[in-house]
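Each of the next two complexes has subunit A plus one more chain, namely subunit B in the first and subunit C in the second.
Let's turn to the complex of A and B:
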């Protein structure tokens, strides 16, 4: 164990030295032809494939979407860079890097065109769109005679050399690492884990998806440019669906959501393809077979969701005596009402889930919402947090109308929620779950993350400290590095509340926080909710079936039945309300209850 | 982890495996599309290569500068991909120390491989690559010195088809339908059109489709409306039956002409009576009665139990050209062999009479016109350039 730690320390400190030494080594090797040309070519394929695998891993591994047409972006980069270097740019030392970057940018621009229609919806849609994109790129290229049509494009100098490939590979690993381990990267992960929960925590999922997709395509384009200037020949056929499949194999072989996985996948695939030449035509059977076996025994690939420590930037430790950060709402109400709901009505088809709901909620209140199953409680929460657009009526917070906003925008206005069925980001650590709650207040953008600016480091350290503080407050700090799925049930509920608090809301919506808890746990939760209301200056709405919880906690209570508000008032008023008893026990039950109560 | 390292080490050793030397052996590399999307091409190429080498070695090897050498081949797979064709070429040259390469067949592999052969100064003969760019240096626009092909090019075929249509079929008005996604077929169609018009013919229709289309009725109707004397279908054999059937259904009765993409015996079964009487140009006629061809077809059939296709014949001729050049070379060196190939004149191969002209890797050879008759391919005529 000790030697392991030493190794980690040694490599993390010396990494720049290793990389520099590696670069010098490749320079010497290629300058003096020390390496067998064949091995050198394979080494360059490895580098290009690492870039491709990393690129696809951003979308398929980290974001959890499914792009199957990445060769299309590679083609855009390859043709863009080649046309620039052959036809447009004058000869010069700077042609190559400029052409490669331009190829990457063209691919990124193509990604914007693809992303805008396809990210409006989720799921298999992206797979279909990227597949079509791949085919469209291929047929468009086949029909442009200026770039050789189906016969392909030639005339590139052999500018791709081992040192260049090495440099680009290192740059790609570095950039992808910076991207993934940043606020935006966590936003990307939240989409994979639970897009709906991510939105509720303030992640602007559409923007994050676009950024991830654009960066991914940029690197696919870079790989295309390198490929074109290595083989000095590109044809539309080189970028067909088979090429896309090849990249997919590398990603799923090495491991989804892992930089080490992308590298391993690319190295293993590329080297095996060459090493297995002795097998003749059986060679191409081995790779898919390996993949099938791997998918059975290790469905996420060799390094799926795990990472070598040197691909992770060190997380900042909490400084001793660091200033305690404010946990209080980002937007505080000065006076008067916080939430106003008027005539809120929602239909699912012909079914009325909520009818003419009205509410005025002022700061600091705890409101309980009860009612039998299917009475519209969760619908109410989903309307407030923006998952449903109401059929009629208005909701406003701080006087701002919510009904047209997306969940992340509503979160930014100070409304956070938990879910009836816990929706944590299961594969992410407890700390990252909390940090995703801070998505909206990160204070740096994508370029800051990619270049690791001073501001980025400052903001990241602040976020880490803030997250650790919150975890300490709720006695979750010893699970900081644990994946959320490993927590016991009660702690998951608690973490979900902490995550919501991390967004620094003014209004917290708790959807059945005590579900599945025993009386002792419920009692503890009650105290916790009261405490956070006071410490965090919150206003709380809570849905619960535990009557003792609601009666003990809430100043006012709303009772819903079939979408209609049947009672409103204090705990005592509700307890004795005839309609409420009828709704819960039925009219005959109500009679029995009454007689029982009298005897 | 230890296991992982061990596996990596084994791989490394495999990659660095040494080529063994033998004093009186000369090594020839073959790059074929054994896997990928055209495995039938790779299989034919491999079969013909093994047969050609066996024939020479059975006669005691090859005589170069007064010394007998045994020919050894190393066959590598390109998977029909450009990158793998390039790595195969470099492996053959740096690892297996081959003095010449036959293949790759598909142009998408032959072009990157030809770049490597040219810079490494190793002669390469592609049996089947019809893309003009294979033998041309893109930077200077001149012919590459070390790269040759055994087939004629699409442009040549297009010209010959036009000459045949005007001359022997006496057609004045021709209509064309071709697969726009194929570089080969597109080239044939365009050159045909150009030549046909230059020589006084009229193109009454020039329609396209994309690989995978199954309904050609719209295009056929347009072609029919131009009332042509002849319809040219530079399309793959798998598309031909549907096209011919739909043409016949529309009442088109004029002669139908195809190109080398028709040359699969599967066509006969698929097309049935509809194709009866149609003509197509080919690299090779397996039913020819010329003694060289007959022996080749019989030997091939005896070894592999099938009739050789044009890839097999062109691979066999590529080896023929290479062996012929080796016999004339002073020593088994790539440079000497290259010079000797450039001087090949009137080599009698199974695909015709082949001549190379100084400074060009493209051969001058005759085109075979076949006719579908009584449910078989029949030799119709040879067209010399």
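Let's turn to the complex of A and C:
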């Protein structure tokens, strides 16, 4: 254990020294031609492929989307950089870096165009969008005579050298690391784990997707520029689907969601492909076969979801005696009305799931919503939190209308929720689950994260401390570094509540929090909910089937049946309501219940 | 007027080939929710089998077309058994990437065996009929007639037979279906066999109309057919037919109005625009979101 600690400290302190030494070494090697030319060429391919694999890993590995046309972005960068260096920029030493960065920026601009339709579509459709983009880029390039059309484009000087490749590779690793281990990176991960839960926790998924796409494409473009100035010849055919497949293989070979994996994948693949050169055309048969076999036997790759500690930034330590953060709602209402629902109606096709629901909820209340299965309780929650758009009616919180907003915008207005079937970010640690809840209040932006500014470090430390406090408060701190999927059932339910509290809501919606719990656990949960309401100054709406839970906890209760509100009032009023008894026991059951008879 | 009618005929011929390939995509997607990216390559294999059967074995036309369909069907079922079945429970992304890999594998395998483009001999004596300046060849008539026949047959199978109802049920719930006594693996294999068999027939029809074939031909044509399936609404059989005809029309019009090199560009742009405004295609039904 101690030696491990020493090693971590040694590498994290000496890393800049190693990198500097590496750079000097590459300078010397290329200046005095110390390396066999072929070996040097392969080394440069390795570097370029590392950048490509990192770039694709952001989208496919960390975000869990399927981009399968990454060569399209590479092509944009390659042609952009080449046209700049050959035709537009005057000669000079600064031409190369400028051309490469410009190529990256062009590819990033193309990503914006691709990202827009990708918001409308999910899953496999994104694969279609990116592949079509790949085809469109190729087709457009074939039709532009100024860059040689289908014949290709040449005239680039061989500006890509080993030191340049080394520098760009290091810069890419650094930037991707900074991006992934930041608030936005956690947003990206939440999309992979459970996009819907991410939205409910306030993650602006559209913005995060766009940022991830743009950064990923920038590096694909950079790799394209380096590639063009290494080969000194590019043609539309260099960037077809086969090239995209190559990048996919590297990512899935090395490992998804891992920087170490991207590097390993690029190195192994590049070297292997060179070693198999003797096989000629059959090499291209083995390559896709490798991909298929990998997918079947090790779909996450060698390093899937794991990381070397070198590639993780040092985590901020908790300061001793740091001030206790405020857990109270970001937006506080003084008194009176918090939530107002009027005439809320929702149809699924011809089926009326909720009809004419009205509610005034004032701050500090606990409201119970009960009703038989299928009575519209969860539909009500989904309408309030923005997953469904109501057929009719209005919902407003603090006087702001919600019905047109997306779930993350609703969360920002102070509404957080849990889910009927637990939706945690399973592969992420308990701490990261809570930190994703703080997405909206991070206090720094993408450039802050990429450059690791002082503000970034300050905000990250605050978030870590806040998360730690919340976890301690709910006795989850000893699972801080554990993946959420390993927690026992009851703690998962509790973590979901903590995660919702991390968004600092004014209104908390709990969807069957006691489902699957025994009476003792249910009792403990009741106390917990009450404590949360008092300590966090919250208003709570809770759906539950456990009658003792509802009756003991809620000041007022709503009863739904087939989407219609059949009763409202205090626990005692509900207990004796004829309609309620009928809804739960049926009309004959109700008769028996009342008379106490036995048929 | 005759010119427009002539273009309309070209459109119909191209559209029917696209539609037949699109059916293969849409059937597999409808049943397994998997985009079988290798389907275009099964079409290519169909064309190569047609080449082998006609130029090397000198078989008659109807046997050639049956051989191409059967060969492609066997390959389709094999791919399903070896590559897709192990991944049925795996995340979607694994299956999609596998499908891409299988496609590239089939292309390069064929390329390694046959590095040069091949010329398919004339399968049928082609007779051209002339009506008032409008030329109709017998090949065009056969392609369109055969396509209509196949589509009608498939529509009948899916809607009226018990195998068809098993396929439709499979797309809703793969886990429950075995409990109802339906052999899921057999139904999936049947789906792949029909889809790939259609691909093989399309390969033969394509080789009749455009006799030069090469191992990479399946990529572009396959993708176009896939666009047709998406435009019509993937998972919907009638949508695939509609999409095929629309794409055939758009491409024919584009070829008249613009240089032919812009054809692919227009087809893919059409797809992207459609995905923005109607992500589920023309006849597709939006999937409901589960919270």
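By our rule, the second predicted complex is superposed on the first by the 573 of 599 C-alpha atoms of A that agree within 3 Å, B and C clash if a C-alpha of one lies under 4 Å from a C-alpha of the other, contacts with A are read in each partner's own complex, and residues count from 1 in each chain.
Keep this in mind: contacts are C-beta pairs under 8 Å (C-beta built on N, C-alpha and C of every residue); 3 or more make two chains touch, one makes a residue touch a chain.
Nothing here was measured: the structure is a model prediction, and the numbers come from that model.
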{"item": "Which of subunit B and subunit C A:21 touches, first, second, both or neither", "value": "neither"}
{"item": "Contacts of A:451 with subunit B and subunit C, given as first, second, both or neither", "value": "neither"}
{"item": "First (subunit B), second (subunit C), both or neither touched by A:171", "value": "neither"}
{"item": "Which of subunit B and subunit C A:112 touches, first, second, both or neither", "value": "neither"}
{"item": "Which superposed partner A:129 touches (first subunit B, second subunit C, both, neither)", "value": "second"}
{"item": "Partner chain in contact with A:475 - subunit B first, subunit C second, else both or neither", "value": "neither"}
{"item": "Contacts of A:274 with subunit B and subunit C, given as first, second, both or neither", "value": "first"}
{"item": "Touching partner for A:238 - first (subunit B), second (subunit C), both, neither", "value": "first"}
{"item": "Touched partner set for A:34, first subunit B, second subunit C, both or neither", "value": "neither"}
{"item": "Common interface positions of subunit A, toward subunit B and toward subunit C", "value": "139, 142-143, 242, 281, 284"}
{"item": "Interface residues, subunit A side, partner subunit C - complex", "value": "60, 64, 66, 68, 116-117, 120-121, 123-125, 127-129, 131-133, 135-136, 139-140, 142-143, 196, 241-242, 245, 248, 252, 281-282, 284-285, 287-289, 291-292, 295-296, 299, 348, 378, 382, 387, 419"}
{"item": "Residue ranges of subunit C touching subunit A (in the complex, touch as defined)", "value": "33, 35, 83, 86-87, 90-98, 100-105, 108-109, 111-112, 115, 219, 223, 226-227, 230, 259, 261-262, 264-265, 268-269, 271-272, 275-276, 279, 288-289, 291"}
{"item": "Interfacial residue positions of subunit B with respect to subunit A in the complex", "value": "11, 14-16, 34-37, 39, 42, 75-77, 79, 81-84, 86-88, 90-91, 93-95, 107-108, 111-112, 115, 131-133, 138-139, 180-183, 186-187, 210"}
{"item": "Residues of subunit A touching subunit B in the complex", "value": "36-39, 41-42, 45, 139, 142-143, 148-152, 154-155, 157, 227, 231-235, 237-238, 242, 271-275, 277-278, 280-281, 283-284"}
